[in-house]
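The data blocks that follow each hold one structure.
Next come two complexes, and both contain subunit A; in the first it sits with subunit B, in the second with subunit C.
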Partner chain A sequence: MPRLGRWGIVTLALAVLGTAPYWVTSSYLLGVLILCNLYAVFASSWDFMSGQTGRENFGHALFVGAGAYTAAFLNVRFGLSPWWSLPAGGLVAVLFGLGIGLPTLRLRGPYFALATLAAATIMQRLTVIFWEQTGGEEGLSGLTPLLRSPAASYYLSLGFMLAVAAILVALASSRWGLLLRSIRGDEAAAQAAGVNTTLHKIGALLVSAFFAGVGGAFYAHYQLQVGPTLFSVVVSITVIIMSYVGGIGSVYGAVGGAFLLTLMTELLRGVGQYRLLFYTLVLMAILFFLPRGFIAPLVQRLRAGGSPS
Partner chain B sequence: MVEILVYGAVTSAIYAMLAVGFTLIFGVARVLNLSHGTFYALGAYFTFTYNGLFKIPLLPAALLAIATVAAFGVLMERFLVRPLRHSALAVLMITLAVSLLIEQVLFLIFGSEYQNVQSFVSAKVVIAGVDLGGQRLLTLGVGTALIAGLWLFIQRTRLGSAILAVSQDPTAAQYMGINTNRVFSIVMAISAALAATAGVLVAPFLTVQPGMGLVPMIKAFSIVILGGLGSIPGSLLAAVVLGYSETLVGYLISSSYTELVSLVAILLALILRPAGLFGKLVAF
Partner chain C sequence: MSALLEVAGLRKQFGGLLAVKDASFALAAGTVTGILGPNGAGKTTLFNLLTGFIRPDAGDIRMGGASLRGLAPHRVVGCGIARTFQIARPFHQMTALENVAVACLAPRVRREHAGRYLERARALLEQVGLAAKADRSVDVLTYGDLRHIEIARALAVSPRLLLLDEPFAGLGAGEIQPLAGLIGQLRDRGISILIIEHKLREMMRLVDRVIAMDFGEIIAEGSPAEIGRHPRVIESYLGREDPIDGAA
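On to the complex of A and B.
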C-alpha cells in the first residue's frame, strides 16, 4: 500500500469532500452527503466521551433529540431565526448532559449506561404523551432551512463537521485527552494519581452533548421537521455502530464509519428497508471479528504504508 | 380503593418477574442483559404463534413458549455472550444487538400491527363492585408463586447454593468444584423463563407488538437500580414501590405521568442512595 502520511490522508479526504457539489450532480446524493456530515458529528461526539473514557453512553439520541426539539420550539413556536437554534440546541443538550452525568458519572459500574438508555427512551415516550406541546407522533414541522441552496447547505454541513472533528481530535490528542484515556485504562489508578475522574468524565460528556445538540439542531433545520424517533434507541445504536465500525477511541474513525454506513445504506438498493437489521449484523460481526474496528486500522496502515503501526 | 390495591399489586408482580431475572443474571454472571425485554416480547409472540397459528391449546402453548424462550436465552448466553465476557462493554453491545435483531425479525415476520392473544381466564372477578379481570388476578397469583418458588429453590437446594456461591465469588466457587459455566446457563434459563412468563401473562391485556419489550425493560432497570444491582430482595421491594407509585400517580394525577415515575426513581436512587435499598455498589 502507498505511504500517504497523516496530511496526505487529510488532503485526499478534503479534496474529495470539498469538490463534491461539482461532481455529485443529483441533489438526492448531495442530501445523502449532508446526512453523512451530520451523522459524522453525532458519531464523533459520541466517540469523544465514550471512546476516550470508556463510559458507554447508550442514549446519545437524548442530546440529538434535545437539540432538534429546541430548534423546532424556537423556530416554529417563537419564530426565532434558525441561526439561534445552533447554540441554543447545544446549550439545552449540555443541560441534559448535566442532569444525567452528575448523578451517574460519580459512580463506577453500569449506572451511566443504564441511565442514558432509560432517559432517552423515556424522553421519546414523553414527546408522544405531551403531544399538545410537542406535536406527538407527527412531531413539529415547518422549520425554516439555514440556507436555501443545496450546495451552500452542503458546504455549511461540511464546514461544521470538519470544525467539530478538528476540535474533538485536538482535544483527544491534548493532555486532557490523555487524562480521559487514563480513566478508560484504570480509573482507580487515575484517581490514585490525583486525577478528579468524576469532573473529567462529566466535562467530556458535556463536550460530547454540546456537539450532538448543535448537530441535532442542524439536522432539524435540514429535515425541516422533528419527531419522537429522534430520541429512539435506533438513533443511539446507529451512532454507536458507526463509532465501532470506525474503531472506538479514534474520533476520526467515527467520521469514516458514519460516511461508510450512511452511504452504504442509502446507496445499496434494497438495504434501506432492512437498514436496522443490516446495522445490527454489522455490529455483531465487528464485536466478534474486528474488535478494533475497520476505518482506524485502515488509516493507520495507509499512513505507515503497508505495515500496521 | 380496591382497584388501586389490586392493580398496583398486579403491576408490581409483572415488574418483579422482569426485575428479578435481570438482577439474577447480573448478580451471578455479571452480565447486564440488555436483551431482557426481548425475552418478554418473545414469550408473548411464541404464545401467539403456537396458540393462534398452530392451534395448540393455550396452556400447553404458553408452557412451550416459555420453554422456547428459556432455550433461546441459554443459546444466546453460550454462543454470543460467553465469548465476549472479558469485556463488559462488549456484553452490553452484543445483548443490545440481539434485542434489536429480534425486534427486526419479529417486525419482518408479523409486521408492526398489534396481535391478540387469548385470555387464560375470561371470568370476571368482581370485588366490592369493581371488575378486576380474571387475567390480571392470574398474573398476580402466578407471579407471586413463581418468585416464592425461586426463593425456595435458591435457599433450599444444592443447585441454589451453587448459584449463591458463584454470585459471591466465581473463582472460589470454581475451586470448590462448581461448574460455573453450567450455573450461568441455568441462571440464564431461569431469567429468560421469568421474563417470558411475564410476557405470556400480560399478552391478553396489553398490546403485543415487536417493540413491546423496551419500556418494561427500562422499568426493570429502574427497579434494579432502586433495589440495588444484584439484590433479589431489593428488586422485590423496589418492584412493589414502583408498581404502586405508578398506579397511584396514574389515579391521582394522570396516566401520562406514570412514565416519569421510573426516571425520577432512577435519578433519586442514584443521587440519594446509589447502592440501592439493599445492594452493594458494584464496579467493573
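On to the complex of A and C.
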C-alpha cells in the first residue's frame, strides 16, 4: 500500500468506481453506490466549512433539504426541467447560508453551531406546518428523474461527486484554504495577522451550502420524492460522523467516510434488528483505534513522502 | 519629531473595573517605547484597545493622523499596526512556513508582494532564525520558536508600529539577547515598537522612552533613567516606604 502513492490510490479508486456498472449486476447495489456519491458530496461540503475553519455546523441538513425542496417545488409545482433544479437548489441553499452566517459568524462561541442546529429543526417543523404547499409528513412526490437509465444515473452522480471533490480539493489547497485553516488554528491570531475572519468564514459556509444544496436537488431527483426527514438531525449528524470517520479537514477523508458508512448501512441490512448495534460498534472501533480518521492520516503520509509541502 | 501614534483620553471599563483610565500619549516614529506596570495595571488591555480587539468606551486612537476608532482588528493591521500575544498563539496543525504565509496574504502586503507570499514567508523565517524549521508543524516546535514565529508573522504585514506583549517571557537565557538584537534592528529599519515586558533590565536597555501604568492610569512618562527615579513608579513596584524608618 505505501508503495502505491497518492495518485496510485486515486487511480485505483477511480478504476473501481468507473467500471462499477459492469461488475455490479444488481440495480439495488448500483443505487447504493449512487447514494454513496451523494453522501460524499454532503460530507465533503460539510467538511469544507467545518473541517477547514473549525466552526462546527450541526445542521447541514438545512442546506440538503433546502436544495431538495427547491427541486421538488420547481419540478412538481412549476413543471420545470429537472436540470434547472441543480443550480436553483444550490442558490437557495446559499441564501439560507447567508441567513445563518451573517448574524452568527461574526460572533465567537457556540452561536453558529446552535443556529445551524435550530434552523434545520425549524425547517423540518415548517414543512409539516405548511402542509398545503409542502405535502406535510408525506412530502412531495412525482419528481422526474435526471436520467432514466440506472447506469447513466450512476455515472452522472459519480461525475458530480468527482467534480465537487476536485473543486473542494483545489479550494482547500489554495491560498484561501490557508486563510481558512488559520481561523481553525487560532481565530484571534488570524485577525492579528490581518485576516478578515468573519468574511472568510461566511465565504466558506456559502461554498459549503451551495454544494450541499446542489447535492440535495440531485438527491431529490434520484429518490423522486422529498420529505421533512431531509431536514432531520439524523441527516446532519450522519454527515458529521462520515467526515470524522474518514478524517476531518480532508476532502478525501469525507468522501471515504461517506462511502464506508453508506455501504455499511446497506450491507448490515442482513443482520436485521441488530443492524444499529453492529453499526455503532464499528463506529466506536474506528473512532477508538483511528481517532484522526482512516483516510486523512494516509493522505497526509503520502503527501509528506511525495511532493514538497 | 512627528507623532506616529496619538492616543487621547482612552478609557475602558469592564463592569466595576476601570481597566484603562483616560490614557493619553504619543509615540514618535522610529522609537522603542516600553510600558511598565505591575500585573493588572491595564497594559494588555491597552494593547487590545490599540489593535481593535476591544472597543474603547471613550477616547481616540490616531495612526498617522487617521482615526482607528471602531476598526476591526484586520483593518487596524491594514493601517500598519501589528502585534504579538502575551502567550504565543500559533496556528495549530500548520507548518511554521504556513503560519507566516497567512500574514503575507494580508491585503496590504499582497499588493506589494503579489504572488510571492511563500518566498516572503521563508525570508521572514530566515530573519528570526527559523529557516531550518520552516516545514515543521508548529505543534512540535519549542516555545521559544513559537515566539519567534509570532514576531515573523507580525513583521509579515509590514507594520509601521509593532506591539510586543512580553516578548521575552518564557525564553531561555540564551534566547533573550538575539531577540533583543532583532528588536534593535527593526527599530533601525524605522519600525516603531511598543513593548510590554517584566524583565526590566532587558527592557530598559532597549527602550528610548518608558510609559509607567498603575491601576489603569498612566502615572509617569519619560526616559528610562527618569522613570527609574520616579517616586510613583518606585511606590507602585516596591510599595510605599515605611513612614517611621523613612523619617530621617
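Operating definition for what follows: the second predicted complex is superposed on the first by the 273 of 309 C-alpha atoms of A that agree within 3 Å, B and C clash if a C-alpha of one lies under 4 Å from a C-alpha of the other, contacts with A are read in each partner's own complex, and residues count from 1 in each chain.
We take it that a residue touches a chain if its C-beta (ideal position, glycine included) is under 8 Å from a C-beta of that chain, and two chains touch if they have at least 3 such contacts.
Here the structure is a predicted model, which is why all the values come from computation and not from measurement.
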Counting only touches as set out at the top, which of subunit B and subunit C does A:F58 meet: first, second, both, neither? first
Tell me which partner A:A189 touches in the superposition: subunit B (first), subunit C (second), both or neither. second
Touching partner for A:L178 - first (subunit B), second (subunit C), both, neither: second
After superposition on the shared chain, which partner residues are touched by A:A15: those of subunit B (first), subunit C (second), both, or neither? neither
Contact-wise, after the overlay, does A:L107 reach subunit B, subunit C, both or neither (first, second, both, neither)? first
First (subunit B), second (subunit C), both or neither: which does A:Y244 touch? first
Which residues of subunit A are in contact with subunit B in one complex and with subunit C in the other? none
Complex contacts: residues of subunit A adjacent to subunit C: 175, 178-179, 181-182, 184-186, 188-198, 249, 308-309
For the complex, which residues does subunit B have touching subunit A? 32, 34, 80, 83-84, 88-90, 92-94, 96-97, 100-101, 104-105, 108, 214-215, 218, 221-222, 225, 229, 256, 259-260, 262-263, 266-267, 270-271, 274, 281-284
In the complex with subunit A, residue positions of subunit C that touch it: 51, 53, 72-74, 77-78, 82-85, 89-95, 97-99, 101-103, 105-109, 117, 135, 153-154, 156-157
Could you pull out which subunit A residues touch subunit B in their complex? 54, 56, 58, 99, 103-104, 107-111, 113-115, 117-119, 121-122, 125-126, 129-130, 233-234, 237, 240, 244, 274, 276-277, 279-281, 283-284, 287-288, 291
